[in-house]
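Presented below are the structures under discussion, each in the form of structure tokens.
Two complexes follow with chain A in common, the first pairing it with chain B and the second with chain C.
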Partner chain A sequence: MAQEIAMLHDISKCTACRACMVACKQWKNLPADPTPFEGEFQSHSDLSPTTYNLIKMKETYENGQFRWDFLKFQCMHCGDPACAKACPEDALTKLDNGVVSFDYDKCVGCGYCATNCPFGVPKIDKTTNKSTKCDLCEDRIANGMVPSCAQTCTADAILYGTREEMTAIAEKRLEALKKDYPNAQLYGVDQSNGVGGTTMMYVLTDHPSTFGLPESPKVPTSLAIWKDVVQPAGKMMLGATTMAVVGSIITHAMKKEKGGAEGGEDHEQ
Partner chain B sequence: MSNRGNPRMVKRFNKGFIISHWVNAGSFFILYISALPMYTEFFDWLYPVFGGPAGARLVHRIAAVTFMLPLPILIFFDRQGLRRWSKNIFSWKKHDIQFLIQFPKEFFGLKAKTPKQDFFNGGEKINSWLMIVTAIMLIGSGIVMWFPQYFPQGFVLWAYPVHNVGLGLSAAVAIAHIYMSVKLAKPSLNGIFKGDVTEKYAEEHHGRWYDELKEEDKEERKLG
Partner chain C sequence: MTNHWIDLKNAKVILIEGSNAAENHSMSMKWIMRAKENGAKVIHVDPRYTRTSKIADIYAQIRPGTDIAFLGAIINYILENKLYNEEFVRTHTNALYYTNEDFSFDNGVFSGYDEEEKKYATDSWSYQLNEEGTPIIGTSLDDPQCGFTKLKKFYSRYTFQVASDITGIPVETIKLIADTYVNAGPGTIMYALGMTQHTVGVQNIRSFGVLQLLLGNVGKPGTGINALRGEPNVQGSTDFALLFNYAPGYFNWPNSNQPTLEDWTKKNGTFRRRFFVNLLKAWFGENATPDNDFGYGWLPKKDANKNYSIYRIFETALDNTMKFMYIVGQNPMVTSPNLNLVHEGFCKLDMLVVNDLFMTETASFWEKPGVDPSEIKTEVIFLPAASFLEKEGTLTNSGRLVQWRYTGIKPVGKAKSDLEIFDLIYTKMRDLYKNSTDPKDEIFKRMTWEYPKENTSMADAVLKEINGYDLKTGKLATGISALKDDGSTSSGNWLYAGVYTEEGNHSMRTGNSDPSGLGVFPEFKWCWPGNIKIIYNRASADINGKPFDEKNKYIWWDAAEGRWTGYDIPDVGNINDGPDQPGGRKPFRMTGEGVGRLIANTYHDPDVTYEPLPRDVSSVPADGPLPEFYEPVESPTTNILHPNVAINPCLKYPRIEAKQPIGKKEDFPYVLCTSSIAEHWCAGSVTRNVPWLNELVKETYIEMPVKLADKLSVKNGDRVAVSSARGEIEVKVMVTHRIQPLQINGEEVTVVWMPYNWGYKGLSTAASTNLLTIDAGDPNTWIQETKACLVNIKKA
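Moving on to the complex of A and B:
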């Protein structure tokens, strides 16, 4: 079994320089998304088919003080990925190392992943009819390299390594931060949450909702019912109907063979 | 037994009813086929037939629109047939229940004691109801899936399992319906293709309706 890896964003260290966004575009060969000026420092309002990694800059004015909350936002690589469960083509798969891998050729662009993702990450590219999202630089990882965003981070806010290493660092940071930030907490580290933990982990200085993250993300109930109850039941029902028809054909054929003379009941002429 | 020459025919369905039925059947088949490759990988080879996944989606949406037409067709072109059908499927009597009890025997070729049936027999009534319910499920959830931007997130999420339940039920109903018409009640096919059925079929399969017809005939003769 492959070594489980993780990425850690320590938001207390992030300066929102957005070098990670550029590095992502560069490695993934993605064009720039021209965005209008909205009167704030936020560049793009959301992820897009050509933006897999986004620094969210939330501006808060509280108790006479202005505050910026930065968050590196991209695919969370859930332990129990709803997108992969929803995908009818097996284009999304959870790898042993923790990456939620995406197979471009298998994708048909149905958008089920986008609808069911608890974080609203996958975006459908209308021109190629394919889903898009961060794959944690799967190709770089496979060759012993660090994902391009982590590689380029100037503030050491984005770290990459084994899950144990990252968890240890995160816990240490949390302890240090607790003094100044009473609400500081880790996000995604706990693998017993509604999405089975995330490979993209965070050290947060406040509640997740402050940064636009769901407090308790979970795989949608409708998805579990659809995939675990409805679909197997539907297949069973189709099977049962087919068996009944086959059974009927056989019994009618047998009856005919026995003696067509008494076939008053038979309505065929 | 033999009905050489021209068997006597009785009128069963009007043109509007027949067209409505086949628009429904055709749309359902195209919808089913164009969704199949996404439902199971076993049918992935169907994608190229539609010119790729995007083509399959387009076909599915066109057929989705025609799938909504059968009721308007009935309303505009065969109100009489619609009235008879709706009246029939709301009427549940002893002979309908009896039909359902006897049905498994007939289905598997055993001797069945089925009482005289209405214009639509107990099985056809169940078939009608399942078809109506599944069509509402499929169309309702389908619209939500087609235009998710106009609906709340919860609606969109639940539309998928609902669409799936509708598919499973309606496909099972369709298989049974087609099989029975083609194999077990062949003379009925003429009714849904050309509009009339043999008097013998009417008498054997829809006795209560046949009796009504005879009553009407007598009264007409009396008047004449």
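Moving on to the complex of A and C:
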């Protein structure tokens, strides 16, 4: 089994210089995604088919105290990825090293991955009819290199290494931060959470919802039925047409379920 | 930087003032984060909460242009409570030196002020001398004659309350910063243009000098005063005289009062003469001989009474004196203040040559919106230049590290490297002057200028020339100490002597061992001077050569070996001269008296070999031996320290009354601070042509406090008209809590901020903020006051 890797964003160190955003576009050869300036510091309101990595910026002013939070937002590479479960074409697969890999050729642009992602990450490119998201620079790490965002980070806020190393660093940082930030916590490290932990892990200075992350992300329940029961059964016992009919019923149910950008069902806010 | 980037990790407290390091020098964050992991506290003092403030432990919002008052209060607190490093102050500074009895400071001016000329006679800014002509040094810090007493009296006016009234920082925050900075050590200071772009820019930095000398924060790891220079070789360019008043290596350019080398030496000292001779030898080769002053006479001389800064360049274009301009790697149609004046200057030229990567606003000044190009007679020639990726050569970073850069790709299109362009132009000019008999053209016939034509070998040859040669053997000079004053050696820049020796080009070295663990990396590239990573490191040891701080030791005298040793190259006159000998005694070997100057002084030490010529003539600021607070030219309030001397008394402004109006707070009630941002560099000439940067920050905007936005009834993204006495532009609004209204002298003052990186060319275009800013300049450096001017804002 391949060595399990992880990426760690320590938000207490991030300065939002956004060099990681440029490095991502450069390595992935993605065009700029110009949006009108409406007085916001944050460059884009959300990820897009040409923006796989976004630094979210949030100003808070309470009781005379100002706070500015930055969060690196991208594919979380879940331990139990809803997108891979939802994908009828096996275009998305969880690799042994932790990466949720994307096969461009297999993707038919159905959008089930986007609908079911508890974090609202995948975006469908309307021109190519393909899904898009960060693949943790799969090509770079396969060649022993560091993902371009982590390579570029000036403040050592984005770290990359084995899951074991990253977990150890995260725990050490948490201990150091607890003194000044009583609500500080790790995110995605615990592999028993609703998405099986994430390969994109965070050191947070406050509750996840403060940074727009679901408190308890969860793979939508209907997906388990779809992927673990119906799809294998269908493939074994039924013809493709029947499969599609069953699929559409389940999908209909899946789409009704709460999910996407607003987060998992147990969102505490 | 006195220290260097990696050394930031060794600090226990870091004061970042007048710098948005996280945005504009983001690589510094790597080392600041390591310092923080080791328990360092970060203090950020700036007019608005920025991405740097986000990682700071303490943030203080300061009114632009009031840093001297803030630092003055901290210095006063240190003096009154005896929190200074007494041993360091006694032995390593001029605290005990007797000051001239005529020295005074009253009502906002120092002794020697000439109100008409707006200039100081500096005679009284000197020491009392004994019969041998050396300074009289007292024994007690309480001696009324010694400088320390004068210092204490001077600073006693700067109470926390006074500083708070001036700066807007609450008293308790100033005290918290003072206690944090004084109690943790070693402490380092990082600054950038937020400190320098003021009419008191030099004195702002002098305040840092006083603070660090008092605390002994000099010469050791994690200390010093660190200027964060611009990324594209700003350090290297100033080393090579891209400042109007210098020759390469920071020599004062000869002026009309100095017709001979001896005249120049009287004003600059024999220490610098030696290296200046090496520069003349590099320029004139065999034509430079002791009999002809090494060709000194061929150099054009500045008019001693004139100023040649960029502001005067445009102003002399306006009065038809300046006819031709050649602009390389600069885009003043975006970056210069009072842009309408700049534009008028361009329109008056006969010819403008622009040597740049892109057709900048400067190259296209005739395309300025609202201008009819048919009415502009200036001929414009554009020379496409190769980018840093397309040419070889060195780049010097803020830590003085000289690093060789290799060619990544061949130049695009017809672009050429700057070296090739200069070579082609110079050789053609030399050809055109070859039959001239005019004495002013002699320089073209006498200068040595033969370089290989291909870029890589040309850059190699130039670096060798910069390093210098032993002209007797033809071998490359081994370092500064090998340079002679008799014309037998050459060096194009004495500071760089040693960068390229017979052992090879040291700017290419990649040795990555760090024996001390302090981030010295002695074999990675090469830094000036002499690969000394922390300059003034002699001051890390006491007068006997023993480290002040055994836990943070750096350089010391090894009596058994009979030499200075440690983790860096010792910054001493002679490595084998012990602490009791001339070459090993001075903590600060460059000044005449060999100690750090708390109070600047005109002292010149005599040179026994060249009597009566002085050995060293260190410069003294034109506007005072101590940093005094003066309001910006355009100020929202009175100067509470001396209302009748509100602004810098040495400032001459306006220079052209009709073109340089001064706005009053009644018409322009808000303070505008301007700066660059992480995503766009300077004029944006390069960065605004990178779509990936344009999508991050899209256009010029104005950041304003919520309270002002409410008053103007504007919200995020609304358009406002911003006007100053000099111009008006329309921009969108960013409403934020990151700037709060300040309480200044009992009244509310509102500060707004704008980035200055845009113009009308390139892929991202927007209004230029510098149409608003003021072109008043510091009396020493002539840097402009772009950090503080007054504006009015109306909903558009």
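Definition applied: the second predicted complex is superposed on the first by the 224 of 269 C-alpha atoms of A that agree within 3 Å, B and C clash if a C-alpha of one lies under 4 Å from a C-alpha of the other, contacts with A are read in each partner's own complex, and residues count from 1 in each chain.
Operating definition for what follows: a contact is a pair of C-beta atoms (placed from the backbone, for glycine too) under 8 Å apart; a residue touches a chain by one contact, two chains touch by 3 or more.
Being a predicted model, the structure only gives us computed values, none of them experimental.
Peer 1: Taking the superposition on A as described, I'd like to know which of chain B and chain C A:16 touches: first, second, both or neither.
Peer 2: Only chain C is touched by A:16; chain B is not.
Peer 1: Touching A:156 in the superposition: chain B (first), chain C (second), both, neither?
Peer 2: second
Peer 1: Should A:168 be classified as contacting the first partner (chain B), the second (chain C), both, or neither?
Peer 2: neither
Peer 1: For A:31 in the superposed arrangement: first (chain B), second (chain C), both or neither?
Peer 2: second
Peer 1: Between chain B (first) and chain C (second), which does A:90 come into contact with in this model arrangement: first, second, both, or neither?
Peer 2: Only chain B is touched by A:90; chain C is not.
Peer 1: Which partner does A:2 contact after superposing on A: first (chain B), second (chain C), both, neither?
Peer 2: neither
Peer 1: In the superposed arrangement, which partner chain does A:108 touch: chain B (first), chain C (second), both, or neither?
Peer 2: First partner only.
Peer 1: Shared contact residues on chain A for chain B and chain C?
Peer 2: Looking at chain A, the two contact sets are disjoint.
Peer 1: For the complex, give me every residue of chain A touching chain C.
Peer 2: 12-13, 15-19, 21-22, 25-26, 31-41, 43-44, 59, 61, 66, 68, 70, 154-157, 176
Peer 1: Considering only the defined contacts, which chain C positions touch chain A in the complex?
Peer 2: 22-23, 26-27, 29-30, 32-34, 37, 49, 51-55, 678-679, 691-699, 701, 715-718, 732-738
Peer 1: What residues of chain B sit close enough to touch chain A in their complex?
Peer 2: 3, 38-39, 41, 47, 52-54, 57, 106-112, 148, 154, 156-158, 160-161, 164-165, 167-169, 171-172, 175-176, 179, 183-187, 201, 204-205
Peer 1: What part of chain A is in contact with chain B in the complex they form?
Peer 2: Going by the criterion above, the answer is residues 86, 88-90, 108-110, 112, 115-116, 129, 220, 222-223, 225-226, 230-231, 233-235, 237-238, 240-242, 244-245, 247-249, 251-252, 254-255, 265, 267-269.
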